[in-house]
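Before anything else, here's the structure in question.
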Amino acid sequence: MSHLAQAIRELGDSGPLRRMPRANLERIATVLVLGWAVGFMLWQGAGFTITLTTIFAIWAILAVSLNLVVGFTGLLSVGHIGFFGIGAYTMAILASDASYDRLRTESIPTPDWPFFAALPVCIAIAGLVALGVGVVFNRFRDDIFVLVSFGFAIIAFSFFLNLRELTRGAFGIHEIPRPAFGSWVLDGEIEFLIFALICLALVVLICWLIVTSSFGRVLTAIREDEEAIAVFGYRVTHFKLAVWVLSAMMAGLAGALLASWTSFIDPNSFILLESMLLIAIVILGGLATIWGSLLGAMAFVLLEEGMRFLPFLPPEFVGQARQVVLGVLLVLLMLFRPQGLVGRYKL
Amino acid sequence: MTDSSATVIHTIDLSKHFGAVRAVDELTVAIPKTGITSIVGPNGSGKSTFVNLLSGTLPLDGGIVIIDGVGLRVVRAHESPQHGITRTFQEVRLFEQISAWDNIMVVLTERRLVPSLFERVKPAHRETAERVLREVGMWEKRDAMAGELSYGQRKLLEIGRAMAMDAQTYLFDEPFAGLFPQMLERVKEIVIRMRDQGHTLIFISHNMDIVRELPDHLIVLDSGKLLTEGEVHDVLSREEVIEAYLGE
Amino acid sequence: MHGSSDVSLQLTDIAVHYGAVRALDGVSLGISQGEAVAVLGPNGAGKSTVLKAIMGLAPVVAGEVHWRGRRLEAETHEIVREGICFVPQGRRVFTHLSIEENLEMGCLYLGDESEKRRRLESVLDLFPILYDKRRDLASQMSGGQQQMLAIGRGLMGAPDLLLLDEPTLGLAPIVVGEVFAKVREISNRVDTTIMIVEHNIKGVLEIVDRAYVLDKGRIVHEGTPESIRETNILTDVFLGRIQPDEEGGGRTDGA
Amino acid sequence: MSRYSWNIFLTTAVALLMIPLAIACGGDDSDEPFRIGVMESATGPGETYGTVAIQAKQMAVEEINAAGGINGRMIELIVEDSKCSAQDAITAYNKLTDVDGVKIILGTSCSGAMLGAAPLAEKDGVVMFSGLATNPDIAEAGDYIFRTSLNDAQLGVDTGNLLWADGIRKLATISESTDYAEGVRRTTVEQFEKRGGEIVGEERYASDATDFRTSLTKLLNANPDALHVAAQSEFTGGTIVKQVRELGYDGPIYSEIVPIGTTALEIAGDAATGLKAVITDIDPANEKGQEVLGNFREKYGYVTLPWYLGSAYDDVYITAECLKETNDDQDADGLRDCLYEITWSGAIGDNYSFDERGEVVGLTNVVVEVLPLSERNEDNNGYQVLGPAPSG
Amino acid sequence: MSVWSGRLDLSQFAERPRDLLALVLALAVAGYIAWAISQSPQQALQFTFNGLSVGAIYALLAIGFTLVYSTVWFFDLYYGAAAAIGAYGIFYLRSGEALGGLYQVNDPAVNVVFALVTAGVAWWAIREFYGRRLRERFGPGSALGVETLIAGGLGAYMGVVLAWPNDLNVLFAPAIGLAAAVLFTWMLRRTVARLVPRPTQSGVPVAAAIIGAALGVVCGVALAHAGGSRLYLSWVVSCLLAGMVGLAFYRGLYVQIIRRTNSRLIMLVASLGVLLALTALTIIVFESAPRPLPDVFGSTPWQVGGATIKGFNVFAIGVSIAAFIGLLLLLKKTAFGKSVRAIGDDEEVARVVGINTTLVIAIVFFIGAVFAALAGVLNGHDTAIQPRMGLIMLLKGWIASVVGGIGNLYGAIVGGFALGLIEQFGIWNLAGEWKDVVSFVVLILFLSFWPNGLLPRR
């Protein structure tokens, strides 16, 4: 950061810093992604669109919550997928009604809770784990933080895979129920989509409230200069911890949604690479804007599903091709627009 | 020595080491509550370290700081405002990627974690921010990103940010460095105005014109130790100060 | 070795833009062999940028730099070999190297070991403080010594032209005097052409032959120290009385 | 902020407008060919099976089409990659059913993927018919779920018996952390312990591991009579066999189908000689099976996992047979009923059928042994059949 | 680097209790290892061998990492991809020999890409080293032509080499012969110049050139006939390619980013993008399943005190130690080394005092990438390769360099071997699947107690 200060001091000699080109890129990007989404819907029809929108809703919750940490607080966390997984596994373990006793594979206790009873627990457990992890991670910064957050993602994955008494390891957990209000079960795709969108809206609302509150302003100040803001009477560690926990809780919610939607989870959904893709979409969309994360998540989902329809691309390479595109986009953005498409903050 | 009832900050055997280097070495000084105190000394004499210790930016290695009669062995940065202390930094440390307005606003709002989550900008905050920004002459630039301001403007904004804290004691680390005369005059004015309002001002400076003109009290440090202190013109004419610092 | 022209360095209509900001706007200036010239002006006038433009460190969008009658368009690291050395602002030394190594960095490109040693000796001769501590790490030295070291490192390149950027910034008065004395000594004894950017106008006018005054990226005055002391040009510039348009932070009310 | 609000408003508005529009546009097509979905793991840990399965199915379809199709209609396969992961399987499933309007899906090759998509298929009334998924849980997955592959449970029982019969009393196991390999290990261990054997060491590894020496060192230090290897990918299976020999182990090694695959044997080299495995295999006497293998080799230039190849191939023919009856690729219920009743003789065996859980009955496991390096060739795939798996 | 030293300063104040705790922790670890040895010395010995074998690879990665980090102060995640490129380069060139030719991969697109990279890097290198001289001699126009011609030739050569990997020894013979000829000529002339007084040297250059050329031809012919050398020539090609790609990324990408911003995190994210894209491309070209590399020398295990170790592992340990010593000498003894250290302190000033920083950093990137590729190759031969191996290797190398002490070469090698051993002994009575967890827990513990690692940079 003092590099930046240095650069600014040097430039300060010759007048105010050059302004970043705030061209219409933001609007163009927005229209492009939205147009793409609409075109896709028209082309593909309802069923698939609903699936995609549900995936979008889940990834958007993740992206928005991660942006709180990365964009607003300046902690480049690659470990967010861990909280996502914790949420998903908590939901799976608590709510699954599969009775594994009759099967010959690894069996775990399944309390068979209803969705809405398990949901708060998912969120709480993700938050609790985040609290513990956060206390340790609070001292790390910049690239060391990146490294230890890599570590968290790997440790979390290892637990999902190897803590077989709890997670059934590689077998995964199935028969995870859909949300139900009394006897009305949201087992239709549209109903679940609406539920997921409501969750997304709630998360966006909460994030919006957070970032426009005094708390949010302090976060941005922490991002810019931790030591300086401490001098003005803020306990930086508490604020960092708080936003870390809040963000993890939202990721836990996303995980619970995923578990309930797919009705089956296994550790493969929570590998490190997914986390790297997640941070890529947050940066791609734009740091320190909620809208950017929504846009990024939308582009991400469309990218994969859109690429399935490219005639020259063998279907088995769609996932990889998307990764290539994301990687290249990331490089180009860092080169020309380090704040992301509609971002308000450069790393 | 100033009489102790009028002392705002009193340090006893204050020490700080960086490895083998004793940046501040058993320093005992008293800073009077009224007026302006300036700290001078050769490069590396521990001036900035001293200020960093008082504001809790660096942890103490030894000694006690007595602020307003309260003795502290540990000064925590986030508690320094409770002791009535606020500061600026030698290398201007603004929150670069947020606006000048938010730079001021951030020090006005709620300190406690949970209430801050529910607090929105209040009219009182707005008024203070506007007043401060006008006082330092940065009102027109309130929407600019702090990182995009010129060097002088950044200095002013940082001083404004400290002023917004409305503390008893202000520690200014080289507030006049690198400013051209016009800006310098403005900072001087601000400092005098603040003194007249009854605040304690402590600043570090190398600018001898200003050191001769502004402060009421002068502390001279040399290699982490107190070389001498007292009334400005008296101190500046002392042999040891000329030898170690002024060299004229 | 020397060019035919009396003017050894000539800047013609140099313009430097940082994005939308015009740091320099058509600056022309020249230095003759053996001269010591100061560049003065308020913050943001573009003083440092002049030096950076010469060293190829600033984005020059228009204009030419001529050095000994030939256009200078080499890259920064090659300019040193042309005989121009630059001492940047802020006592920037290699903190993890010893003093001797720091000085050696000034002519690392030189293949000739004996020449290196000769230069090292002459520089250490000029700065006796450095000689005593020559095996110590640069990070362990005081600010004044670091500034001396930076200047010494510049001299290791045996420059015909030495560019000094704010050599006294942030230094104690006693050291400021020493630095100026050394600069004067270099200028006289070693017969090096010197271009110095300074904010300490009083001090620098004592040691230079000529000075340029810059404001908002343009040269507003050029002359001997006497002429500058006599006219009110500096006061005018510093108080913003010249071209009161554009500039944002420099309002003159209340001054 | 106002721009954000505007943006958000815009998205919401567009999204709300478009959903009904999109629903209106989603049409169906009842064109000429029968459309059958295929989900296999073309990439990921199950890549080898997936590729073979896709190729075998394509070969079968080409044969059927070349012979005039079904009731004059061609078959068209729509292939999606389920990547051996439940989530990708769900996405692929949704794409197949929603976009392509498919009601019959052949696949998948990984049990995890199968278990992910099966509940959806069950709910939507889409037939999922796998030739490769072996997880016991699939038996319970539903009415529309069928498979021609044998349940791991049976494999485990057979392996456990084999171990006991060979005089093994202390066993060390190493398995890949995937549902298939874990399932094999678990059922094997269960049966082995039931017979009175003792497990002296257990190690697991993640699918992307390449260095097993640490785990193997620990296992060997426990002095087992034999080592049991359960792998998901041929690569890890082969590498484990190689590395355990490098560590100086010369006792017997037991495993299942994966470590005796072509790639695995190529990696392990001579280290694999004498390795015993319980597998389902194409009977050398089964002419249909040998013919399929021959055609496959001719077409693609290699053969691996012959039984799974045949299984995938048979699936297409069984489906085709049922489509002859129903004559409608949208009639999943008809297909389901047909599958429950059918008895088939194909590449992987004669007169096999499906029980009420959709499990295949009428097929058995055999024990094979890997030949020395010099005796391995394309025809014997590197191993010889010792006989049917011992029972009890 | 004021940021860095500033940060170090702040974290240096280890309070007493923390030191004590660290001591207790260290004793506990020592006790644990002693207990492990007493439990089963044979297993402990085997674990030590295993640990040193993997540690050698971590150390090699960490050394390269540290070199780059202490010069440009950001962790270049391309290193993961470099390791994979190194390993897959061998597979690419030797797939005809591995797996009995089961997965022949020779993709014209890949060859063209690498030919272009080679040409680009060669063009840049020629311009950087000889550009001035060429321009002065031939004028700018023809200099450009000459440069393009040479670079294009080299690129085409690389393309040919990649397209016919089975004749690598024959294809490489002229290049090696030429290099040998130049080397021998130079050595002869030097020797003669040392031994014989100056005036009688008139015929020496010609004679030396003739003898040198003859020796070069011999070398070339010998190589062309040595079919077994193909594998080891593949190592050279593969490491060279990875190095050149690294250099190309520095020159083509990182330099541009540095020019625009100067944030370590931006560089980190950009290199993350590079890693993501290259990993995915590797999967697209080679598929995601793991593959083995052909057997090398030393594949048969040796019995040492009841434990076994492969000769190849000993070789790998030797390589990493040699790399360390070589790098150390380079940094301490040469002007290049001083430039590297100076750039680490302050890049702009280094430029100002006449160091061609772009060139020096480019070489540093090249060296680092070659080390990473070499680590990938060694690891691949030892076990096997798979496209995501780079990511895991990268993280382990990163951990090793941080545990050893960021920016300290000694720390990197110590950290590498320490991490290898810790990983092995850490799972003594845990199941093997917890290995990665052990290394990260160690990392986090380490950073909590010794934020600067074992051997911090002064």
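Chains here go by letter, A, B, C, D and E, matching the order in which they are written, and residues are numbered from 1 within each.
Definition applied: contacts are C-beta pairs under 8 Å (C-beta built on N, C-alpha and C of every residue); 3 or more make two chains touch, one makes a residue touch a chain.
Since we're looking at a predicted model, the values are computed, not measured.
Undergrad: Starting at chain B, how many touching-chain steps does it take at least to reach chain D?
TA: 2
Undergrad: Quick check on the contact graph: shortest path length from chain C to chain D, in steps?
TA: 2
Undergrad: Return the chain whose centre of C-alpha atoms lies at maximal distance from the corresponding centre of chain A.
TA: So the chain farthest away from chain A turns out to be C.
Undergrad: In terms of CA centroid distance, which chain is the most far removed from chain E?
TA: B
Undergrad: I'd like to verify one number: the distance from the centre of chain C to the centre of chain E, where each centre is the average of its C-alpha atoms, in whole angstrom.
TA: 41
Undergrad: Take the average of all CA coordinates in chain B, do the same for chain E, and state the distance between these two points in whole angstrom.
TA: That gives a centre separation of 49 Å.
Undergrad: With chain centres defined as C-alpha means, what is the inter-centre distance between chain A and chain D in Å?
TA: Computed from C-alpha means, the inter-chain centre distance equals 33 Å.
Undergrad: What are the residues of chain C that contact at least two other chains?
TA: Only 43-44, 248 qualify.
Undergrad: Where does chain A touch two or more other chains at once, residue-wise?
TA: Each of 1-2, 4, 12-13, 15-17, 19, 158, 161-162, 317, 320, 346 in chain A touches at least two other chains.
Undergrad: Would you mind listing the residues of chain E that make contact with two or more other chains?
TA: As it turns out, chain E has residues touching two or more other chains at 283, 388, 431, 433, 436.
Undergrad: Which bits of chain E are touching chain D when the two form their complex?
TA: Against chain D, the touching part of chain E is residues 40, 42-43, 46-47, 50, 54, 99-100, 102, 283, 287-292, 299, 301, 303, 308, 310, 379, 382-386, 388-389, 392, 423-424, 427-428, 431-433, 435-436.
Undergrad: Using the touch definition from the top, list the residues of chain A that touch chain D in their complex.
TA: 30, 34, 37-38, 41-42, 44-51, 53, 55, 102-106, 158, 161-162, 169-172, 174-175, 187, 262-269, 289-291, 294, 305, 308, 314-320
Undergrad: Hey, which residues of chain A end up touching chain B in the complex?
TA: 1-2, 4-5, 8-9, 12-13, 15-17, 19, 209-210, 212-215, 217-218, 220-221, 223-225, 227-236, 238-239, 242, 344-346
Undergrad: Which residues of chain D touch chain A in their complex?
TA: 4, 7-8, 10-11, 14-15, 18-19, 21-23, 25-27, 42-43, 79-81, 83-88, 90-91, 94-95, 97-99, 112, 115-116, 119-120, 123, 135-137, 140, 153, 156, 176-179, 181-183, 186-187, 190, 204, 206
Undergrad: For the complex, give me every residue of chain B touching chain A.
TA: Going by the criterion above, the answer is residues 55-57, 77-82, 86-87, 89, 91-98, 102-103, 105-107, 109-111, 113, 116-121, 144, 147-151, 153-154, 161, 165.
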